[in-house]
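In the two complexes below, subunit A is the common chain; its partner is subunit B in one and subunit C in the other.
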Partner chain A sequence: MTALDPDDLSGDERTAVEHLLYRLADDELVLAERYTEWQVTAPTLESDLALANIAQDELGHARLWYDLLQDLGYSESELIYERDPGEFRHATLAEVPFEEGDWADAVVRGYLYDVAENCRLEALENSAHPRIANRVSKVRGEEEYHREHARNWLERLAGDEDGRRRLQTALDRLFPHALTLFEPTDETVEDDIVGMGIRRRGLDDLREEWLATVEPFLESVGLRLPMDPDDPADRLPDAVGRDRSHTDDWFDLHDEMTHTYRELGRTETTRIMDKPTDE
Partner chain B sequence: MIWEVFRQEKTGEYHTHCGNVHAPDREMAKMFAQIQHGRRKPTNSLWVVPQEEVGEVDTEEARFGGTTDKSYRWAMTYQGVDADFAEEVAESQQEQEAAERQRGDD
Partner chain C sequence: MDVDEVNERAGPREFGPHDDLPREYREAATRMIQFHANSEIMGAYLEKPFIRQAPSLDRKLALSAKVQDEIGHGQLLYRAAESLGVKTRDEMLTELAEGEGKFLNCFHYEMDEWWETPMIAFFVDGAAMRRQATLKRTSWEPYAHAMDKICFEEGFHVKHGEDIMKELATGSKKEREKLQEAFDEWWPRIIQFFGPTDDQSTHHDFAADVGLKTMTNDDLRNAFIDAYVPKAKKYGLEIPDEPRIRERDDGTYEVVEDDLDWSEFFAIAKNDYDPGKEQIGGRRRAQEAVEWVREALDDHETRTRGREPQAAD
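Right after this comes the complex of A and B.
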């Protein structure tokens, strides 16, 4: 398959690249925004710092992907602060609020997301889009810690009955939202994403690989996936995020996220670091 | 449970105590220590040690040596000498040499 020239994309190529980048960038941004709600309220100072640190990593990854959208002519304001919340393409797993004070929710969510992220990054390593392929290893280097963090917590919380019960409740609630990670933004564009080699594997493949990792691990700590094994996608929620359908909670979160920008009457964002190079 | 954390900057250097973390076990201590003590300064390796495993002897129980002032042994006096000071030393030396010649001590 031939490599794409990022500076000379055809109309269809550009659409496919944009859809893929919005999936990646929006997931990271919105989940990081949710994670920061745990700042100063996690169970211990150490877990607080660890989650804040993971949120910071995800924001950094969001920037890597949004940067490539900026290459296509969008400004950061257009991509985040002035974009209509109804245009975002993150999975609903990233946007649904945490059950108040439920650390099990943060742990289960991080686990489901980080394993999925690893699967999709693997499928991007040989992307036909050279700048996407280049950025994958930077992101993967930090993701290993995220998965270790989630697994360590899962193993420990599942160690007693109360903890296991809370994990199962969180899993039952979050699993349908996790399935939205593997939904297409648009069937035709998704076919192009794979057909053009921008992502080397299809979403059904990625979901199967994800299930093959999360199911045995969760079972090993005494948890059960709330899923019909014959039809893994049958538990999808009404809003799936990818196609720009969202829960009401997302609009509240977006409002909060952009509040300061609007209050200060900003029209552009401040950049404190240089754009990363791809060489 | 408290774990004391020791950080090594480069291979071959000593691990130096840099703080501690609360964690229920060794794995979690290693994980938290990475974030708290390994991310903001150059780090090659971290040790985590259960605080209760650290043996201590202090001045209550022991009289340590090292109480005599032996700072004269340290060749630190001329650290931080700048060009101005070097000139001052050179001038002072010239003055002394001139004074000696005047006295005719040679």
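Right after this comes the complex of A and C.
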């Protein structure tokens, strides 16, 4: 199979592929949207440029995943601008707002997300759907830089007493939201995602792998995870995102994102770049 | 080197950090480059909200990249200014935060809606491009060098600005009306970008004599009007009745000064215009909120100096 041709997918398979793509695309879009809040207001000109790079990488990835959904018959308008915000599937880690000046949040959030991103991309490298697998390597190359960026910042800030305290506060607040990255959109569909080989590993597996990376590293810089080691999932927040439950902040964010589109009565979105390829 | 020698030698990219230049030159160049760098930062501040409000994913990416480019230009320009040895980058950024740093008149106004973005991204950037192109021949080599990269990237920005404008100009009736409204509001400010016609700039003569400036504001304004009035008309925009612009026999233009609000312009030049003050204050608060990060970085650097190589960012 060379394309995600809807005719080649059984009903359940199509649903599973769509759920998986929404997880990926919505995470990248919404997190990037939050990252761009730091443009012009990051601590230094250098960190401003670096985080803008990361935001644009994530937007580019969102574009890759939404593009596969477009091949299944949806338009960008339907996927983003006219979609009910209550239908989005991103983890709440992506949507919670930054407090002004809370660079520790940006650093911790980036780290928790980028490690999780790496785990899940690895599990997609051998996806039964070649078009998903093909795009993974493109994304992974950039994510390596993101993790390095986050680790570097964690080390630098954690070496300072005030910095470490702020990092810990951010970690305490964000950790429950990070756990939502590993929640299913729907139990049955999730079983299909793994059963049909669309993603080669289950979410519990991915979370364990993620924890096995983030816990020792965070400890090495003097931070501790706010969780019960026997039951890491017991700290889930009220809204988990994946199942379409969201915080109020997401609805505000979606409203701002779609403001111009609605105000001008647009019915379609403008493409100025070429459609992504699988190469 | 004394001022006379500087005047004599002045030419494109003539002077660099190894030259022993008089204080007058170094201060004049610092003033000019600092103004330019500040303008990059405050322009980015004004455009930032439209990353979020962009009506498509591609537009969002392009806007984010543009805002990033402007910050990158600021970084390059502060470095070019710093190399004159008059002020450090931190000092210049502090001056900007405290309302002492000056920047382009157009970036003191509020920009609320997407359909205003071509006013900056096409007209103001287009106007800035004309000025910047002449600065590739400025006498301070690090400034000219920064201009090579900046002009290259600005070319893309203006193209994107034009593309947004074209989309609005060929869009629905509402889009065309909104674009015209934005143009009516911004046009006088854009004309004022080049300052008063009789050039009351006290800094010009010296800056021209020592080769920092290579074209007068009048010449730049003429070239801009010549190129951009036809462009505006091409996109169906009506040129507002005021300021009146008359073509002289020699093909240059006369702008009727009384049609423009010069008290507002000079208030802006002193950072004493309310919307601009809001923008300066907004940026200052954002900078203060991350002061703790800069302090933590300084601590980190002190602790680890000589022990490990520092990452670039």
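Heads up, the rule we're going with is that the second predicted complex is superposed on the first by the 271 of 279 C-alpha atoms of A that agree within 3 Å, B and C clash if a C-alpha of one lies under 4 Å from a C-alpha of the other, contacts with A are read in each partner's own complex, and residues count from 1 in each chain.
Quick note on the criterion: a contact is a pair of C-beta atoms (placed from the backbone, for glycine too) under 8 Å apart; a residue touches a chain by one contact, two chains touch by 3 or more.
Note that this is a predicted model, so its numbers are computed, not measured.
Student: Counting only touches as set out at the top, which of subunit B and subunit C does A:Arg156 meet: first, second, both, neither?
Tutor: both
Student: Which partner does A:Ala50 reach: the first (subunit B), the second (subunit C), both, or neither?
Tutor: A:Ala50 sits against subunit B and subunit C alike.
Student: Hey, is it subunit B or subunit C that touches more of subunit A?
Tutor: Of subunit B and subunit C, the partner in contact with more residues of subunit A is C.
Student: Examine A:Ala62 and indicate which partner it touches, taking first as subunit B and second as subunit C; both and neither are also allowed.
Tutor: Only subunit C; A:Ala62 stays clear of subunit B.
Student: First (subunit B), second (subunit C), both or neither: which does A:Asp7 touch?
Tutor: After superposing on A, A:Asp7 lies clear of both subunit B and subunit C.
Student: Just checking: does A:Tyr145 make contact with subunit B only, subunit C only, both, or neither of them? Give me first, second, both or neither.
Tutor: The answer is first: A:Tyr145 touches subunit B but not subunit C.
Student: Who does A:Gln39 touch here: subunit B (first), subunit C (second), both, or neither?
Tutor: second
Student: Classify the contacts of A:Glu100 with the two partner chains as first (subunit B alone), second (subunit C alone), both, or neither.
Tutor: Touch partner of A:Glu100: subunit C, not subunit B.
Student: Check subunit A for residues that touch subunit B in one structure and subunit C in the other, and list them.
Tutor: Common to the two interfaces on subunit A: residues 44-47, 49-50, 53, 149, 152, 156.
Student: Help me check something: in the complex, which residues belonging to subunit A touch subunit B?
Tutor: Those residues of subunit A that touch subunit B are 44-47, 49-50, 53, 145, 148-149, 152, 156.
Student: Help me check something: in the complex, which residues belonging to subunit B touch subunit A?
Tutor: Residue positions touching the partner: 21-25, 27-28, 31-32, 34-36, 39.
Student: Provide the residue numbers of subunit A that touch subunit C in the complex, in ascending order.
Tutor: 29, 33, 36, 39-50, 52-53, 55-56, 59-60, 62-63, 66, 76, 80-81, 100-103, 149, 152, 156-157, 159-160, 162-163, 166, 256-257, 259-261, 263-266, 269-273
Student: What does subunit C use to touch subunit A in their complex?
Tutor: So the residues of subunit C touching subunit A come out as 41, 44-45, 48, 50-62, 64-65, 67-68, 71-72, 74-75, 78, 113-115, 160, 163, 167, 171-172, 174-175, 178, 283, 285-290, 292-297, 299-300, 303-304, 311-313.
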